[in-house]
Amino acid sequence: MSSDVPTTTGTMTAAGAAAKASVAGVAPSPGVSKPDPILTVDHVTRRFGGMTAVDVGHLEVQRGIITALIGPNGAGKTTFFNLITGFDKPSSAPKMIGGPKAGEAAKSTFNGTDVGSIGATKAAKKGMVRTFQLTKALSKLTVLENMRLGAKDQPGENLFVSIFKPLWAKREAEITEKAEELLARFKLLEKKDDMAGSLSGGQKKLLEMARALMSDPVMIMLDEPMAGVNPALTQSLLGHIQALRDEGMTVLFVEHDMHMVRHISDWVIVMAEGKVVAEGPSGTVMDDPAVIDAYLGAHHNTDLGDDSLLTDEVAEELAAEVTAEEGKA
Amino acid sequence: MLIITGVLMAGSLGASPAQAATAPPLTAAPCATDPATGCLQGTIKLPNGDPAVGIKLEIAGAGLDTVAVTGDDGKWSQAITAAGAYTINLDTSSIPDGAVLDSATKNPATVNGALNKNTGYVFKIVGGTTAADGTTTQTPTTDAGTGVTFERFLQQLVSGIRLGLLLALAAVGLSLIFGTTGLSNFAHGEQVTLGGLLAYLFANVLGLNLILAAVISVAICAATGYFQDALIWKPLRRRGLGTTQLMIVTIGLSIALQYAFQYFLGASTVRIDQANPVTVALGPVTLSAQSLISMGIAVVIIALVGFVLVKTRIGRATRAVSDNPSLAAASGIDVDRIIRLVWTSATALAGLSGVLLGLVLNGVNWQTGLQLLLLMFAAITLGGLGTAFGALAGAMIIGLVVELTNLVLPGDFKYATALVILILVLLFRPQGIFGRRERIG
Amino acid sequence: MDQLLGTLNAILNSAISPQTAALAIAAIGLNIHFGYTGLLNFGQAGFMLIGAYAFAISIIGGLPIILAVIIALVAALIFALILGIPTLKLRGDYLAIVTLSAAEVVRIVGRSSLLTNVTGGSNGITGNEYRSPFTDLSFFGDGRVDFGPWNYDATGSNGWWFIATAWFVVALLCLFVWAIMRSPWGRVLRGIREDEDAVRSLGKNVYSYKMQALILGGVIGAIAGIVYILPASLQADSMGRSMTYFIFTALLLGGAATVFGPVLGAIVFFAIRLFVQGIAGQFVPGNIMNGQQTEQFAWIVIGITLMLVVIFRPQGILGNKKELSFDVK
């Protein structure tokens, strides 16, 4: 890859070492307390009809590190993601009448404030910005318009102000400048006037990530950032993720590909059948017998870190399962 | 413009409240508009719906002072050569005995005539008597709540069940189409109209036996569904049109069909079997024999549809496609074949509903289906979009609500009540009665 | 030949008539709903009717014309709130069904015999009951004025004063739509049209924007209602479902999500109708198609035109296929 993109193959950065060190003393057991949690989740369950998709008792995410959320298909990772970011509501959410008992109701705290039932918009406003498994680049807007849409504090987004351009032109110029910087960093600058729909799958992933960064998030949550991205771009994506952490951002991402997880994550959380079954530093977790049991399933004898695991057939199979899962949700 | 004036006439005369907006001018009278000529016109009907013949109207204004008389079809018209205000004075003595001018109708009325267009005005005649001194007494209309008695309640209840059953026949198809293809078919109402009009064509115009006529009509309606899917919807799905786009296509189809009906039929309402109906008294409730038979047929057919959906292979496949088309396709179901079958049976059911409606109600006209479409949408939303059994339950509820509303509110409001209920349901249980929460996304 | 000239003359007259302007205004409002935001409003005629009733009844009640207009706009705003609150959080179909139904309710209640004293029942309200305050504002003087192929009264109903005011409003609204749609506010709407969740994940309050769009388009619909009834009379049945369908046809013909599309569409809509009617009347013998049938034939052609436009040129006359406004895949 080009030289200015940080890659995973080099020596560990100082920030990376610090991140790993911050969770070095934490015991690798599900639901363990972290020294400086940015996100704390309690009693989050989600049922679809009779099936329990997610049932997480307690989970903390450490500030300033890269945390990976892994697990087999149907483990409830994406549903859990939707629950934290306000795109779905826990079945255990407190209700006015007939809700769960006090102390058993869903509760989540982000950066010191309660984010239990504030909805997706407010969660994003508090700095928890996410991307989607199936990219949601707004394909009939240009790349630059996509970026501008991500920015916060735009006076021109008020209907009455929007009528008069002088009232919002200054802020528009600022965010355009910022958007172009980010696009340059993500190698999309020459595409800025193209419709986002004309980008390749990997470029859309990059655009979505860049767009999320427009709002200066505190924590960025990536839902399968590497799915469907060609290997060359994957390297650059991983580099970008590490760079974000090195700038002090917290990263939480969902991933199937264990190889990637092993290389870049500082902490790994494993989900299976809706529950957190293990967590710990990547090396430790992957040797955990509970993880091998729960996660490996059919691929018991293969190396988790082996890229060849993701042959085309397996990838298609996974994609089909994902579609089915999406359909259900 | 022409549409608007046409509306005046089509919309306001009948007792039916949901008469919709766009009948073009109905007059077959010699007045034709051009840039130098305008027309004043209207249709007058007797309380029983027959045309009022020989009603005299004095028309004055802009240098004109003349008398127009309604013809055999109840229509009158007067050509004008200058735009401006005209006064129309209906000669009340020309109204037949036993009828009077509705007190809400202005007489004399003032209209603004314009060149190159038709200007309508409606005189409404209702039942009543004229005393020797010229004062009139209007007979209270039956549909405007004359107190709630238990007998009336029962009567309306049975009417509600009748409407609910006929509505369900049509709505189940609409719901199945929505379930399997995601399409809200705005032309489904026209399929109902088509059924009724075909039955009229075969039974009354061509003189076939009623049952034979009904069977042929339903078969033709089924064929329209089959060929619609083969010639329009399947190719469009292949082209990858989105559901919004397809929905607007159905709106275009609906407009085209409505006017095609008018093209051949005009705005008249046709009754399929004009023999005097035999009535059957069940305790305090009186029903025509036709109504009873129609309800029986509807129950049997609905039960049959339910049986097919639940017990047969093809029915389970249909529900699987409704649930998740890609999963159904992956598990070896021929989705296109199922959709073809759904279109065919949905249009057949709608056609049957139209035939029965034509038999039990006052008849069928070009907008019968249009009026029913709203109730169908309300029914399937109430039941849960895309669930066939929800559509059935929703239709029964809507049917009952519409007819029972008549007890306390004037007839005009019955549709309004059904729609208000729809809005309330969406507020509090948007997934409908049988819908699953996940579906409403 | 005379017949053809007559047709041409009728088309020229309809091209500038206030009714055409009213259809264009209603389509401009619907464009904000459907074209820019993707809201399926099938009750635009209901907004027109609400505006028309509020205006006419206020004038008859003795209020000054400015106040009557304001009341009409407020009435449309309230109507939009009632429709939007239960539906804007649900899938698009629900808004379609509710708006369609609510517009019918307005029409049915308006023409109900119970309200004859207020709304005139099914006979409606004749123009001269509410027209004079508007006619009094005219500074066009009396007499007839020739302008190109058109010859009208200066001030009388359907005269130049009505025509000029109606088209002035159209121009003003085009300018307004252009101004707000190039702004960040318009950008958010276009984002919502494509993918609500993506916009939500960027911290925008999607519900609020959809509501703003629904209100704005509805209020413009109310203006259309006023323009529509000023030169004519107020008749509930003239603003029924078919009117909504015609507005949709005009919008899609001209090009959704374009500034001038609705205006061009409205003119072309009437031109097609009159042209087909004129041609059919001229060339098809009367025993095959009588005068009334030529008109119905013209409407059939309009319906088929709508189908063909949506299938083969969904962007309309003015639209850009890359920025199509609805879910064309």
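As written, the chains take the letters A, B and C, and residue 1 is the first residue of each chain.
In this section, contacts are C-beta pairs under 8 Å (C-beta built on N, C-alpha and C of every residue); 3 or more make two chains touch, one makes a residue touch a chain.
Computed from a predicted structure; not experimentally measured.
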- line: A student comparing B-C to A-C should find more C-beta pairs in contact for B-C
Field: Chain ID, smallest distance between chain and overall C-alpha centroids
entry: C
Task: Starting from the mean Cα coordinates of chain A and chain B, work out the distance between those two points in Å.
output: 53
- prompt: Can you give the whole-Å distance between the Cα centres of chain B and chain C?
  reply: 25
Message: On a C-alpha centroid basis, what's the spacing between chain A and chain C, in Å?
response: 45
Field: Residue ranges of chain C touching chain B (in the complex, touch as defined)
entry: 6, 9-10, 13-14, 17, 19, 40, 45, 82, 85-87, 90-94, 96-98, 100-102, 104-105, 107-109, 111-114, 116, 121-124, 126-128, 156-158, 232-233, 235-243, 245-246, 248-249, 252, 270, 290-293, 295-297, 299-300, 302-308, 310-311, 314, 326-329
Statement: In their shared complex, chain C is touched by residues of chain A numbered 85, 87, 120-122, 124-125, 129-132, 136-141, 145, 148-150, 152, 154, 156-159, 161-165, 168, 172, 195, 197, 211-212, 214-215
- request: In the complex, go through chain C and note every residue touching chain A.
  value: 176, 179-180, 182-188, 190-191, 194-195, 197-206, 212, 216, 322-324
Query: Which chain B residues qualify as touching chain C in the complex?
result: 1-4, 7-8, 10-12, 17-22, 24-26, 28, 32, 34-35, 83, 85, 104-106, 109-112, 114, 116, 121-122, 124, 144, 184, 236, 239-245, 247-249, 251-260, 262-263, 266, 370, 374, 377-378, 381, 385, 410, 412-413, 415-416, 419-420, 422-423, 426-427, 430, 440-441
